[in-house]
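Please find one structure pasted underneath; my questions will follow.
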Amino acid sequence: MIYRRVIPVEFNHCDPAGIVFYPRYFEMTNSVVENFFAEVAGQSYAAMMAAREGVPTARLEVDFKAPSRLGERLEWRLSVTRLGGSSIGFRLEAWGVERRLTALLTLVRVGAEGRPIPWEQEMRARITGFMEAQDA
Amino acid sequence: MIYRRVIPVEFNHCDPAGIVFYPRYFEMTNSVVENFFAEVAGQSYAAMMAAREGVPTARLEVDFKAPSRLGERLEWRLSVTRLGGSSIGFRLEAWGVERRLTALLTLVRVGAEGRPIPWEQEMRARITGFMEAQDA
Amino acid sequence: MIYRRVIPVEFNHCDPAGIVFYPRYFEMTNSVVENFFAEVAGQSYAAMMAAREGVPTARLEVDFKAPSRLGERLEWRLSVTRLGGSSIGFRLEAWGVERRLTALLTLVRVGAEGRPIPWEQEMRARITGFMEAQDA
Amino acid sequence: MIYRRVIPVEFNHCDPAGIVFYPRYFEMTNSVVENFFAEVAGQSYAAMMAAREGVPTARLEVDFKAPSRLGERLEWRLSVTRLGGSSIGFRLEAWGVERRLTALLTLVRVGAEGRPIPWEQEMRARITGFMEAQDA
């Protein structure tokens, strides 16, 4: 099982060369991860903000394989590569006709002071369940 | 008949006050209008770009009634207020629990030199059809 | 006296037609107003956030006269049109070779509950001073 | 010698947690690199677009060390790590009070068909000159 979301490439994503401007890809990676947390891990970013917590990105690594164009529909595929005490690793791919990019992200759960805090039991259980299904 | 699209308020739309930052509302108005052109008027922005045409915004007027918050789903409602020789007027509203904003936009169809050009017959017919259904 | 700021048109502002995408103009209007508050009114947005206050935009009206292109330098000119109890009106113009747009904005000072609150005495004095110099 | 640019953290860069939202850092990396090309390599992005060329990003790797807050001034420092036949490697750091992030980027010069093309002689000479000064 992989978590998927389709994001159409719209005008606001594209640069003067008519292709997706790379900062806009990161609006997309953020959106995919945000929806994963809400739908799979059971915690919306709104709930995290209200609790003065968050999951900032600590590290990322991206290979851009081919450009994406206005009007295409990108299928984003997310898998969890690692679940640490307070961190999580994601692998995201964006697909059009062929693969457009692969991104590896590391996020860390932090509390009100910006210090790492352990995953809540239920989030951990849900993410672990997702990982088991994904690797099955 | 009104053209509707739902846009969830995600992290990337929100400012340090936790509400939608107004430039992001315009990414939304642009997206709603872009999808209206593709779905109702029968012309995608990708097709327009390929033909070296476009529909830039000439004027807009917005009343922000109430803030929108992270995690809400905004329903955008678009109606056509006027169809000129090469211009078009839109009224857009964004709704959460209550109305969040009303926007009046005027767009002009332009050709490769940036000069106004008349609507293609089929676009005009489709938009006129939409207006008739909307006012019925 | 008019408050001026130069903003170069960079890649991230431009759309597939090679001109400034209108939502990016609003990132610019917000930046000009933000700097006006810090430099003229003596209140940074950071200080406002810390005090749980803000100056959200309640209304805007923009005429886009001519497109702006990648590589141009836009001179933004701001004047204050009205200072109310808790509101303020701005007129902004963006100039390249010729005028590119005129924007009229109304902002309202709000407190922690999102309700209008009166201007602080010092802010009011500074803005009034700016208006007198501007009209002199 | 290192290429430096200061970018103030403004409202539009910040998320509901009051810190720079990571896609906005990439608007900044793009701006720093864009200005490096114009000022050091002698080629503006506007000139590249007119010639139907470009320098898309092929790969990037970022470590986010600490968050940046509204109102800070970030000093960006760019050095060239590698100059290939049609590629270039950059190392960028953003500094506030302490280092906020380190980014390694690889860009490739491409022509109208999106295929890699060799650096122009003058660009190569200028970039090589920069590298010699940087390592001196």
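Per-chain residue numbering starts at 1, and chain names A, B, C and D are given in the order in which the chains are listed.
Following the convention adopted for this analysis, contacts are C-beta pairs under 8 Å (C-beta built on N, C-alpha and C of every residue); 3 or more make two chains touch, one makes a residue touch a chain.
Remember, predicted model here, so these are calculated numbers, not experimental data.
> Can we say the copies chain B and chain D touch using the same residue numbers, with more than half in common, or are the two sides different?
same
> From the options B-D, A-C or A-D, choose the one that repeats interface B-C, i.e. more than half of its residue-numbered contact pairs are shared.
Repeated interface of B-C: A-D.
> Quick one: report the Å distance separating chain B from chain D, using the average Cα coordinate of each chain.
That gives a centre separation of 34 Å.
> Would you kindly tell me how far, in whole Å, the mean C-alpha position of chain B lies from that of chain A?
One centre to the other, that is 28 Å.
> Mind pulling the residue numbers of chain B that touch at least two other chains?
Each of 11-12, 16-18, 21, 23, 27, 30, 45, 49, 70 in chain B touches at least two other chains.
> Report the residues of chain C in contact with chain A in the complex, numbered from low to high.
11-12, 14-18, 21, 23, 70
> Looking at the complex, which residues from chain C come into contact with chain D?
10-12, 18, 27, 30-31, 34, 44-47, 49, 69-71
> Could you list, by residue number, the parts of chain C that touch chain B in their complex?
Contacts found on chain C: 16-17, 19, 21-24, 26-27, 30, 45, 49, 54, 56-64, 67, 114.
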